[in-house]
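Here's the structure we're looking at; comments come further down.
Read from first to last, the chains carry the letters A, B, C and D; within each, the first residue is number 1.
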Amino acid sequence: MDFLIFKAPILMVQASMDGILLGLLFALIAYGMALQWGVMNIINIAQGELVIMGGYIAYFMYTAGIHPAFGIIVSPIIMYFVGWFLYKSIINRVVERDLFISILATFGISILTQQLMNFVFGADVVVAQSNFGTTLLFDDSVTLPNAKIFSALVSIVFAVALVLYMKKSRLGRAIRATSQNPRAAKILGVDTEKVYAATFGINAALCGVAGSLIAITFTLHPYVGLPYTVRSFMIVIIAGLGNLPAVALSGVGLGVFEEFADYILGTEFRIAAVFLLLVVILVYRRFKLSKKREYLK
Amino acid sequence: MRNFKLSIALLSGLLLVFSSLAFAKVEGDTITLGAAVSLTGKYSTNGKNTKNGYELAIKRINEMGGVKVGGKSYKFKIVYYDDESNGGRAAQLAERLIKQDGIKYMLGPYSSGITKAIAPVTEENKIPMVEANGASRSLFTKGYKYLFAVLSAANQYLEVAIDLAVERNGGKGVRIAMAFEQDAFSQDVKIGVVEAAKRTGSEIVIDDNLPKELNDMAATLAKVKALKPDVLVVSGHTKGALTAIRQLADMRVNVPMLAMTHCDAGKLSKQHGEKAEYALCAAQWHKSLTYKDNFFGNGMDYDRDYTAEYGSPPPYQSAESSAALLVWKDAFERANSFDTEKVRDALAKTNMQTFYGNIKFSDTGQNIAKPMVLFQVRCDGGKCTNKVVAPTKWASTKIVHPIPSWSQR
Amino acid sequence: MSKNNIIIYGLILVFGIGAPFLFPAYKLQISILWILTILALTWDIQGGQMGYNSFGNILFFGIGMYVCSSVQIGMFFPLSEWTASGGEKTFLHTTSQYFEGFTYGLILAGIIPAIVAALIGYGILGLRGHYFAICTLGIGIAAGEIAGGIELIGAGQGMTVPPWPKGIGGTELRSQFFYYLCFLTVSITFLVIKWIYQTRFGLVLNAIRDNEDKAEAMGIHTMRYKIIGWVVSAFFLGIAGGLMGNMIGYIEPTEIAFAGSTYGVFMVLMAILGGKGTLWGPVIGAAVFHIFKEGFWTFFLGWQYVALGALIIVIVIFFPEGIMGWLREKYPHRFGEVVDEADRTAQVELT
Amino acid sequence: MGIILEVDQVYKHFGGVKANENVSLTVEEGSIVGLIGPNGSGKTTLFNSIVGTHPIDQGSIYFEGREISALPVPAIAKLGLLRTFQQTRIYEKLNCIQNMLVSSKPENDTVYNVFAKIPEELTEKSENLLKFVGLYQKRNLRAGDLSFGQQKLLELAMALMNEPKMLLLDEPTAGINPTLINGIIDRLIKVNKEFGITLLVIEHNMRVIMSLAQKMFCLAHGQLLAEGTPEEIKNDHRVIDAYLGVQ
């Protein structure tokens, strides 16, 4: 336990700001997960690996001399097709099956992609430089890397764009219809197969965007996907499926929680705190529901 | 159905028996060594560096006539397994190498934690192991007789940096901020720093342990910013080094001295360029050291050959791994025998110079003939290199201290 | 017991007892096979028989491992000194101390995880389906991270297990000792599990899997059964953990003790591969998996995770019922699923 | 004969939907009572309220004079108040015998009983009950492989295995081959007479309910619309209106 944060309140401002910026980035990944969870009823353990893969695309643009920020445009396009391919080759076989099957199958995809990334991209830990500089606030006592601010802004822009797309476009409406009732949608002439493929593609594309942002704010390594998967779970479980403002809010909440946990419990318990929060939230909701003699469905 | 069970049970038994190819320790003109290295998982970066080091040395030794035992020339060969960056797996593989594959001579894995998991196995089976990447001091207090490490112990890594900071402070104690990963190696480095702090009357103001799945150090660095320590020490393998530099620069954290490990393995100077400038890095080896041997020449030559072979300059992990094979060769030739006991005794009496440094083992198998080096990342017109600053004997440049603040860089 | 059964049990017994002499080089491998079998068998109590797919059972394995060694050390020496500075100080157990410590350690390694299971069971087992899966996944990972932060048990540096006492015979004796202990444990585990599947308890577990609401509507307090099922799992897993820790000789929080990404996943895979929800499925699954893994895997050198990933995908997509499930589909009559044509009298009454 | 079940002014809302509103009814011990009403009138909700699947908002429910509205599902079932489901609920991966065995009266669930070998008498009893419903030949098949109608019969047998005092049946003849319906009616009467089990039956098939019940209740829009003998209900114009959708 460390109470430095209470002695130096300015750290609270720093922690909150860091948490909010981080949380918006998580929310972007989580939104993809919520989307495909809601539409296809698939829990995708390979979410984090898709993020890292997207990050490597940005990194390779960077090594080729292009500013990695352009990754947010290129990466989603490539990742959309990666997602589409994954759907067509594996996911479509687990869509209408038990959730446990989808968890295990995507876990298989996850370790397979980790390994392939290790071969293709190399085992080195890499970073892409954005050279965006830093914003200093409150007489230099709070520092915000512009790369993080950029990430948060991009997350917001993509999220808003996606919401509009879901509302306005034909495909977006078909996706929403399918998420509400796949059978009814099918009867009304929606090609659910296509919708599923597109949904998984969009999910992968969102991961691609998030990955490019991670390439310029954190580090990339083939084996660091899992924490992102788990965080998106948490956010989705707190926020529920398909509700973007709630996803954004709980993403920010998680980000801030993590930063504060880091200060108060110590960095070594940061990840444990995230996982325990997941457990606590689930168990709390289970007890709350059990008063109504119901359970989490 | 009963018959199915029966046949499966039988099949299992048979497969288990034949599931492994047999390797003999010395067969024809090859001496087979065994190694479990991390080709996958979180240590895959350095596992690969380790393997590259082994491979390069084998190639060189075999090209240059191999190992001469009893008037005959033998070639080295290594049986590798992938330990998946997992100590439990590594211990199992070590046992497998020894028991099933008949390996009599072992090379070390990457990382202290995994070496700690393997050492009890080799020790019990009385199989000598020359390891190059397990620096944990506790390896050398257990009385292991068959373990030989060509590298200096982990606690020495950053002690020098603390001493340097104290010296710069006019001999008075300094305020230290520590961020160490929760793994065997980094925690051992921490022990060294804590001891140095005690010895010099320094105060530890931040003591953060980083999780293994580290991706964000913002909180630790914000504390550093608030408390303004005199020296920040970071150790968290490659990812820790890269994350620290990235976020130090991004958050504009000014600290008079920054000391860390794994700078060369993380290719800090290449990946972060000027942002990494002035970082002090502990290393087992640096190419500018003036040691030399007959196989690789001096450090510069090794650097050149390694780069030609693998496309990037060698981190010290590779150099020490190469050195391990030179030790083996030397020991075999002096023992002039393949008997493990005789080879072990020869290993214990090792006293040689390699391009990597002098090697002489203490009773506990630790290399006591070689100091750690400290280099500083220095940039000149956008091109950054690692310059040795300590020990003074090899210092190619004077240390810059304190590090200029970000606004002046 | 049918004649075939006697032959099978006899063969396994002969193999189990004779293996160290028949295949001395494979002693550790076979010991690990027994441990893996325990993992698969105990996982199957939840995942297969009860329908609660747990990803967190590794928790009990890890706790057992730490409890066993802590007791072994703590009974005779100060634990904090043993683990301080990464285990630099060495203490030596005498022979009697070693075995006394080990006995108590192993007993507590079973009991304490069982208590933990009972304590957290009420909260966690109220979750169903994938929420249960995710929650247990969270617990498994959190446990490793927390253990990595506790100084007393060596934190991230891990903890060395007491070495085999000097003067009573060397490596051979040690590996034989652990081998037979593993075999004994797996035998007891198997027999206990076999027994409970034949009782009302086993039937209730299956009922919970097939329709928990119905079971409750029929007056069964399902929570009690779920908790007891978990406690049984935890008990044997804990003992397996204690054994494994001693066999490896070194404990590390996230890779050896709470090794969710290896043993935690393997136990699920083995049970599914063999056929979850059957008695023999996990045993066969463990054997096939271990042989596949040790036989071929190590030669992929770096590609083994690609192979494992592909294997997982293929198993869950094409053989979700596993080997036993597949056999059952194919030869249902061999599993006793027959219409009793002989007795038609009962039918008359209704029509 | 005393009153075995009393539902007293029960309210149950789901969000804005008033599923049960001020429902009161009583069932006499040893009788067969029908519960009818158009679709969505709250019959199944009432069943769920009685056996404790969800808590009720207001009111109280008494079973053998004991308030049970706050008890959890298994506790109520243990008192001897059991229900069957409209969509069958059986343990599909277990065979019929196992389905029966696991349904035996949990009153005897002592630690010893739970972990001891299942006694022969129970197996015998299961077989007899399977004979009673005509499933004896299929006793070794997995319950999931049975037809819907057979599953319904199995579910009935499972309920009998549990030796309840009162049984709530949710549409026992829905989805069953019409030629078998008479057989089921006979069996239900036998259950009532021979086993002495009180029955409360939801049924849409008027012929069935008329030949079974001694007393009937009719629900509409969550409220109790009418009660009386089958004859009275049959001629009650409010009931007919409710079924025809006239407000």
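Odds and ends about this structure:
To be clear about the criterion, contacts are C-beta pairs under 8 Å (C-beta built on N, C-alpha and C of every residue); 3 or more make two chains touch, one makes a residue touch a chain.
All of these numbers come straight from a predicted model, not from anything done at the bench.
Closest to the protein's overall CA centre, chain by chain, comes C. Of all chain pairs, the one linked by the largest number of contacting C-beta pairs is B-C.
Distances between chain centres, each the mean of the C-alpha atoms, put D farthest from chain B. Each chain gets one centre point, the mean of its Cα atoms, and the points for chain C and chain D are 42 Å apart. Rounded to a whole number, the gap between the C-alpha centres of chain A and chain D is 48 angstrom. Chain A and chain C, compared by their mean Cα positions, are separated by 33 Å.
With each centre defined as the average position of its C-alpha atoms, the distance from chain B to chain D rounds to 72 Å. In chain A, the residues that touch at least two other chains are 114-115, 118, 266, 268, 271-272. Among all residues of chain C, those that touch two or more other chains are 145, 148-149, 155-156, 302, 305. In chain B, the residues touching two or more other chains are 39-40, 182, 209, 211. Every pair of chains that touch is listed here: A-B, A-C, A-D, B-C, C-D. Across the complex, chain A is touched by residues 52-55, 72-73 of chain D. Listing the residues of chain A that touch chain B in their complex gives 4, 8, 10-11, 14-15, 18, 22, 114-115, 118, 123-127, 129, 134, 136, 140-141, 143, 145, 147-148, 217-219, 221-224, 226-227, 259, 262-263, 266-268, 270-272. On chain C, the positions that touch chain A within their shared complex are 53, 123-124, 126-131, 133-135, 137-139, 141-142, 145-146, 148-149, 155-156, 265, 268, 272, 302-303, 305-306, 308-313, 316-317, 320.
Those residues of chain D lying in contact with chain C across their complex are 51, 53, 72-75, 77-78, 82-83, 85, 89-95, 98, 101-107, 109, 113-118, 130-142, 145, 158-159, 162, 179-180, 183, 187.
On the chain A side of its complex with chain C, the touching residues are 43, 90, 93-94, 97-101, 103-105, 107-116, 118-119, 230, 233, 237, 266, 268-269, 271-272, 275-276, 278-279, 282-283, 286-287, 290, 295-297.
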